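We just call them A, B, C, D, E and F in the order they show up, numbering each chain from 1.
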Amino acid sequence: MNHLLILPVLLPLLAGSLLLLGHRLPLPIKRTVSLFACWALLPLAVALLQLAADGELRVYALGNWQAPFGIVLVLDRLAALLLVLNAVLSAFALLYAARGDDVRGAHFHALFQFQLLGINGAFLTGDLFNLFVFFEILLISSYALLVHGNTGPRIRAGVHYVVLNLLGSSLFLIGVSLLYGLTGTLNMADLAVRVASAGADTAPLLAAAGFLLLVVFGLKGAILPLHFWLPAAYAAAPAPVAALFAIMTKIGLYAILRVFTLIYGNQAGELANMANHWLWPLALLTLGLGAVGALAARELQRMLGYLVVVSVGTLLAGIAMGTVEGLSAALYYLLHTTLVSGGLFLLAGLIALQRGVVGGALRPAPALRQPLLLGALFFAGAISVVGLPPFSGFLGKLMLLQAAGVNQSAAWLWAVVLGGGLVMLIGASRAGSVLFWRGNAELAESAEVPRGDPLRIVACAALLVCSLLLVFAAQPLQAYVRATAAQLLDVAPYLAIVRGGAA
Amino acid sequence: MALALIIALPFLGIVLPILLGRSGRSACALAAALAPLAALILLLSKRQAVFAGEVQIVRLDWMPELGLNLALRLDGLGFLFALLILGIGLLVILYARYYLAKSDPMGRFFGFFLLFMGAMLGVVLSENLLLMLMFWELTSLSSFLLIGFWNHRQDARRGARMALTVTGGGGLALLAGILLIGHIVGSYELSQVLASGDIIRAHSLYPLALILVLLGVFTKSAQFPFHFWLPRAMAAPTPVSAFLHSATMVKAGVFLLARLYPALSDSEWWFYLVSLTGMTTLLFGAVLALFQHDLKGLLAYSTISHLGLITLLFGLDSRLAAVAGIFHIINHATFKASLFMAAGIIDHETGTRDMRKINGMWRFLPHTALLAMVASLAMAGVPLLNGFLSKEMFFAETLEQHLLGSFYWLIPVTATLASAFSVAYSLRFIHDVFFNGDPVDLPNYPPHEPPRYMKIPVEVLVLLCLLVGMLPGLTVAPLLASAVSAVLLGQVPEYSLSIWHGFNLPLVMSFIALIGGLLIYSLRHPIFRWYEGMPQPDALNLFERGMHLLTVAARSLTEALENGSLQRYLALMLISTLVLVVVALSPLEALTGDVAMTTPDGMTILGFGILSVASLGTVLLHRTRLVALVVLGAVGLLVALVFARYSAPDLALTQLSVELVTIILLMLVLFFMPANTPSESSSARVFRDLLLAIGSGLMVALLAFAVLTRPYDSISWYFLENSIPGGGGANVVNVILVDFRGFDTLGEICVLAIAATGIFALLRGLRLPHRQTDYMGRLWSSDRHPPVLYALTRVLLPLALLVSVFIFLRGHNLPGGGFIAGLVTAVALVMQYVSHGVVWTQARQRLSYHVMAGGGVLIAALTGLGSLAFGYPFLTSAFDHFHLPLVGEFELATAMLFDLGVYLTVVGATLLMLANIGHVGQDGSCKEYQ
Amino acid sequence: MPLWIEILVSLLLVAGSLFTLIGAVGLYRLPDFFTRLHGPTKATTLGVGGIVIASLLFFSVEREGLSLHEVLITLFLFITAPVSAHMLAKAAMQQRVDVWDKTRGDRWE
Amino acid sequence: MEALFAITLGIMTASGVYLLLRARIFPVVMGLTLISYAVNLFIFAMGRLGTGIPAVIGKSSEYGDPLPQALVLTAIVIGFAMTAFVLVLALRSIGEFATDHVDGREPRP
Amino acid sequence: MRGWRWLPNPVLSVLLAVLWLLLNNTLSFAHLLLGAFLGWGIALLCRPLLMPVPKVAKPLALLRFALMVGSDIVIANLHVAKLVIGPRTQLRPAFIEVPMRLQDEFMLSLLTSIISLTPGTVSASLSSDRSVLLVHALDAPDPQQLVAEIQRRYEAPLLEIFQCSRP
Amino acid sequence: MLAAVIPLCLAMLGVAALLTVIRLFQGPDLPDRVLALDTLYINAVALIVVFGIWLASDLFFEAALLIAIMGFVGTVAVAKHLLHGDIID
């Protein structure tokens, strides 16, 4: 048993509780502790990635209770990949936050660490109820982080976000317990075994449980028609929090991927791949409506929120294909969209700061202090997120279109992806034009706006540069995501977890 | 490698002008020229191989599964275009050095310029179609930056966005087309694609692929009806127009026609789509060019027309026509670039581009005038100039095709007519600008000749026009030959570049065009009057209005859906759930399973009856909030009783304590809220909500019933068997909580601690007005802390602590545990706040709730961590029985320590919440409770 | 279990339940809040006391060892019931609930 | 008994959902509380219902399923934390918008 | 009952220890030890929040008083039961004001509690200067007599048992 | 004998609970409802204890104790809310 597996959970947990304990410590110390704990996740996650790269499943039995009786953490390629992603994203989001956003409310760093705890735990756990617990950890932290600073729009968006998710949590509990009531187990691999052998008498009930989970994950993942909370929430959140939230929707999609490949995957007998034909049209609608919303947005942050919705639709389309190609396209796109959206949210924060009271609103404002720098970053980020070359968004889109193949349903995808791309291009070019070209230079001189904090700019640029790295490293990454997708679709090794195989 | 370097150099070169942006314009321009110059030298070093007909391909695998590789190709066509791009690019750099004002950020300009140049080189030198597409889109993006360079001007911003929208959108269509080609061929490598023309044309997807590719081509090359962006792109600085809108970007479209010629041409689809589009554009552009008063506008429409000509040539579907097309690409690039530069000089020196003001420039700018006139004559297709040669070939080819059947004459006639207009607008350019009397209201008067070096690029290009026009065999022949060979894959037809082909029909057509042009120009005044009477759709306004309508439509759709109503979102979520569950359950044959049902006793029926009624009561009474709250209290109690009834004492205990704290919280909050809920739902809304409520209720009831009547095979036996031997406790529920699934519990206390922390943060700085009167509208009682109450609660505190310890210690073996104990302690402490008030209580206790909450989590985590030291996984428990004299046997377990963490977290978190909410109504003098 | 103990337990149980019931009946049918307040504070408390003593007896015999901890429940109820009643009465006066018209004396405002 | 239990759960859920769909934050939170009670009972029921079979070793001959009980405990605690948070968020919302409408603004008349 | 710094309230400690044994239904030495420890520890923890309790001057009288109150409670209940079940015409409710001689908070609370537990009376409110207690009686044919009865039967013994400051 | 007596007791307690709940719904004033809830809590204590005797299980002691404690605290809290609005002031 490799104790490395528990560290992504343990590190933020200890850091978070220490930060609570030392809540009266001076800010620099809190920042240092928080940054250290956060950045330490990066080498850790990379080590885990290397560990997972051999394709073996690593199982960590908490409390030394073997699956399916105790809770296990399972490290596969997917989990490792997402851990790395989260580590990168949060490292820069936190770096950005540590330059001032963390003092706008109480306990930013502790909450941030707990947020990481929830996210990492959700990626690692192999137990469905434990997944619920980690969902709740990441949700409650996200509630608190969302309203960090307590301004009006944050509160309004917060109320919606929280209430919807509370209903979601109830549905999650019903779904999980229903599964337990029918199969008598909670371990996901064990569930897969038992669901596969379900008779006609229970299969519809198991399907109902699965769909309940789908609604919950769909809410977190912002799938139509459950996505309406997202633009307002992401637009209202403080920049580094919105950046971190770039991975939150992905957790919903991760859960869909996990549950609907493992439990309701291709070995689930009657229920095999039952969600896919629902997900496909929903994916396209989500994508399309997201693009329309991005065009409609009157505010930069809101536009970015809708671009997140677009990315959800795109990802979901890949997942719904259910093929190695589709899944690997989705996974590559996931890396891209998370990092770039994160970078763009940070950038939106930088831009809004320099536009004074106008903030991110897409109307003329005093000119930016650093139009060139921010403009270049925006240009790159927007191109990437819209999916134009030469950035990673294009490659992701390309992979997805190719994965769809050439047939009737692919035609819809092509139409939506390409049409949506054009709509987003129009929206993004308008936004860029307003933000960087219609600045009123005279007003800028009079209003004493500070230049962007260098570290904040570094944090933002670093995430956007990741888009280029994803392009340069496309080949090894694609190999990895392909292997990941293949691993997800080959359920047998997972099932071996509960047959006393690994440990 | 050299090939890659040719493309890479401009990209790498971007840094130089940006770094030297403030070191003077000459230094900056020189820095900008370095990379293209090096690339040009590299390119020229390849000329011999290219002219010998070699096709050089370098390939580096990038994403082979995707078919996307770093594959480059240098053949005659690529060489020709690369030469144009680098050669004209260098000239434009020199020109721009003098054109741009001191105030213009030159470093940025050249940065964008080189970015575009690199992208353009990438387009023409790619072997891989996907790679080509990446560069293709990059040209659109960088041209957006260049057109919008003077972004303080609205027309520049709008023109840039329009160009990007049209060309970028076309690029997306092209992507689809290329993907289809790749699907058909199985490869994106040009070598393979070009060799698979027959397969492609035979494929059922060919028409679709062709249309998609042509969409990309036509948008980029400003073909009708996608031409409208090009005149608006004239808002760009003139060097940009000279480069992008004559020689390079707009040529990318026709380049692709040439590039994919072997793969896609030679079909009716191709012929009709390409030639008819080209023909329309040719005539349309030529006619409109005449009516432009803007110098650059005239040139823009002329460009559209000439691009139409080239397109038409590629559509004519004879190899010779393709030769003519390629030849005209070269010629158009040279004369149009020089014309743009000349126009730029005039604009620069006079301060306007309005030909109605610019007259008689011959006297002021004789040198420039001479250059411009030669170039204009080339544009008009006058003999001895390069335009004449390709035009003759064009006329000849229009006569050679018969695809339009009995309408075959349409093409030559259109060509002649367009050519006449071409003569007319060229004449206008010469006459109206350089002669035609005296200038009118020039912003800069009198204009002077520009700096010497600014004219060099024009001179070079005009010289080329002359040289090619007079000595084609000595100048352009090998270039053309290798390009043609590359396009036609070596199957080059016989063609002659001689100036004189004898008296033939094409020459007659040229003559007619010349006379016709003179005639049209001489009749210009009535024609202009007629034109001005016509409705003039402004493409930019139309486009802007279209975009505005699109945005408005997007907004109304988005706002209609996302209307900011939580109720709607919740309803959608419930509807989604119900739909999915109904679909899932529809195959269920019988709701009732195999397990026999049990008959309930009277007391149970009564209990459930009361529970149901009380639940409904909260709904019926919900408008009076406190009443509903009291009824909710009853529901909570009954739920606890249900737990107790069905043998779950731990649950009953937890439910009881949590429910009380929840009610207290609700009351604390209610104090700041209206006492009543208004009746505001429409009856339709109430009906919808009732439906959803009943649906959700049914769903839960059916699911519960179905499960309760079905057998299951649970893993619970393991917990029952191992609780004592493995976990050291008899209360299996507790052992699961602190041991088997201690990880869940750790998470759960984290949630609690985070919630408390979040609440603390939320409440910071919140001051809400005290409600001064009670529910009946009376002032609150002044007796805030009745002695009868506090006398008791102070006695109760130690008792409650004792009970907490009792519950805590029992937990492992009997109902109880850290959580319930924590809540009992918390409630006892809260009672101190209730009975004595915040100030009194706070003064008498020194606990930091933050420290308790954080410390609790930490203790639990560290307990789990302890096992790592012994090599066991996180949270592995240990317990043992010890014996002490007198005391006897007792058990110590790490699980107890873990439970202590739970206890502390619960106490800390609960009090952090409650005490701080209580603080909301206080005045600012009171400190928050840490 | 010896019969006499069983009888005793039964008696205590019946008496306790009866008192509890009477308390509830008082709550249900007495005319105003203040009169209703008497039922639960006394009858119910005593009723529970009876039942708890029954339980104490029952388990002391059943488990063959003194089981006194049930007394704590009664003790607790006895010390808290008057305070609850007091607080509720104060609240009622604050709320100025209607007083039965046959009541003499006035409640405080 | 199973039907009775299920029907009661249904009624609790329906009541909770109806309240959840109200426009004011207070009934919404009450609705969430009711729903979470129903959900807790639901989870518990997934271990099946039995009388006199507590999952305490040595206290009876048969034992109920302890696992759903443990899950309910976790769910209760998490539900409590969430309810507390949403309530305070509601307070803050009142402070920001001076209304208790869930959308942070009074509906247009 | 004033204790020392490290044993602030010995009576409370003993009481808690006894309650501990009661709670655990045991007399084992281990629990005796634990109970003593808890009694000591909890009293120490709660010291700042504890209330001064007047010293018991006559423990025996206290015992007698407790028994009397106990029997009163039973009788009161029978009486109330009769009133509850009987016709409404039996009821003669009244608000009466009982002047209070006690000043000590603890004693006051004790008295009000006892009044609430015994014959048909509930302490409804205490005046802000703590000089008058408002009592609601379920059946008070003669309010003045009830006042006297309360003072005689409950207040006087309390004053006697505890060392209280008299007005 | 107990087997016969306990259902009787349960029935009496059930009726008591029912009457209490009726008062809870009837009110008419808030204090009446709170009083009803308080009584319901005490009824619940009785019920739990009898139930424990019926099952001869001593696992319900804590539940009974806790119901008593929570009932008291709840009643006092609501009463204070009615009196003063702000329960933690």
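One rule holds in what follows: a residue touches a chain if its C-beta (ideal position, glycine included) is under 8 Å from a C-beta of that chain, and two chains touch if they have at least 3 such contacts.
This is a predicted model, so every value here is computed, not measured.
**Student:** Tell me the fewest steps from subunit E to subunit F, where a step is a jump to a chain it touches.
**Tutor:** 2
**Student:** C-F versus C-E: which has more C-beta pairs touching?
**Tutor:** Between C-F and C-E, contacts are more numerous in C-F.
**Student:** Taking each chain's centre as the mean of its CA atoms, how far is subunit B from subunit E in angstrom?
**Tutor:** About 75 Å separates the centre of subunit B from that of subunit E.
**Student:** Compute the distance, rounded to whole Å, between the mean C-alpha positions of subunit A and subunit F.
**Tutor:** The separation of the two C-alpha centroids amounts to 48 Å.
**Student:** Please tell me the distance, in whole Å, between the geometric centres of subunit C and subunit D computed from their C-alpha atoms.
**Tutor:** Averaging C-alpha atoms per chain gives centres 31 Å apart.
**Student:** How many angstrom lie between the centres of subunit D and subunit E, each centre taken as the mean Cα position?
**Tutor:** That gives a centre separation of 40 Å.
**Student:** Counting only residues that touch at least two other chains, what does the list for subunit E look like?
**Tutor:** 19, 23-24, 109, 112-113, 123, 125
**Student:** Of all the residues in subunit D, which ones touch at least 2 other chains?
**Tutor:** 20, 25, 28, 42, 45-47, 51-52, 54, 56, 59, 67, 71, 74, 78-79, 81-83, 85, 89-90, 92, 102-103
**Student:** Give the residues of subunit C touching no fewer than two other chains, as numbers and ranges.
**Tutor:** 23, 25, 37, 39, 45, 67, 69, 72, 76, 79-83, 86-87, 90, 92, 94-95
**Student:** All pairs of touching chains?
**Tutor:** Per the contact definition above, the touching pairs are A-B, A-D, B-C, B-D, B-E, B-F, C-E, C-F, D-F.
**Student:** For the complex, give me every residue of subunit C touching subunit F.
**Tutor:** Counting only subunit C, the residues touching subunit F are 3, 6-7, 9-10, 13-14, 16-18, 20-21, 23-25, 27-28, 33, 36-37, 39-40, 44-45, 47-48, 51-52, 54-55, 58-59, 62-63, 67, 69-70, 72-73, 76-77, 80-81, 83-84, 87-88, 90-92, 94-95, 97-98.
**Student:** If you look only at subunit F, which of its residues touch subunit B in the complex?
**Tutor:** On the subunit F side, the touching residues are 10-11, 14, 17-18, 21, 24-25, 27, 30, 33-34, 37, 40-41, 44, 47-48, 51, 59-60, 62-63, 65-67, 69-70, 73-74, 76-78, 80-89.
**Student:** Give every residue of subunit B touching subunit D within the complex, in rising order.
**Tutor:** 564-567, 570-571, 574, 597-600, 604-605, 608, 611-612, 615-616, 618-619, 622, 625, 628-629, 632, 635-636, 639, 642-643, 645-651, 654-655, 658, 661-662, 665-666, 669-670, 672-674, 677-678, 680-681, 689-690, 692-694, 696-705, 707-709, 712, 714-716, 719-720, 723-724, 730-733, 736-737, 740-741, 744-745, 747-749, 751-752, 754-756, 758-759, 762-763, 766-768, 813-815, 819, 909, 913, 917, 920
**Student:** How about subunit D: which of its residues touch subunit B in the complex?
**Tutor:** 1-30, 33-34, 37-38, 40-42, 44-59, 63-67, 69-74, 76-85, 87-92, 94-95, 100, 102-103, 107
**Student:** Taking the touch rule as given, give the residues of subunit E at its contact with subunit C in the complex, in rising order.
**Tutor:** 19, 22-25, 73-74, 76-77, 80-81, 83-85, 88, 91-97, 109, 112-117, 120, 122-125, 127, 134, 136, 138, 140, 143
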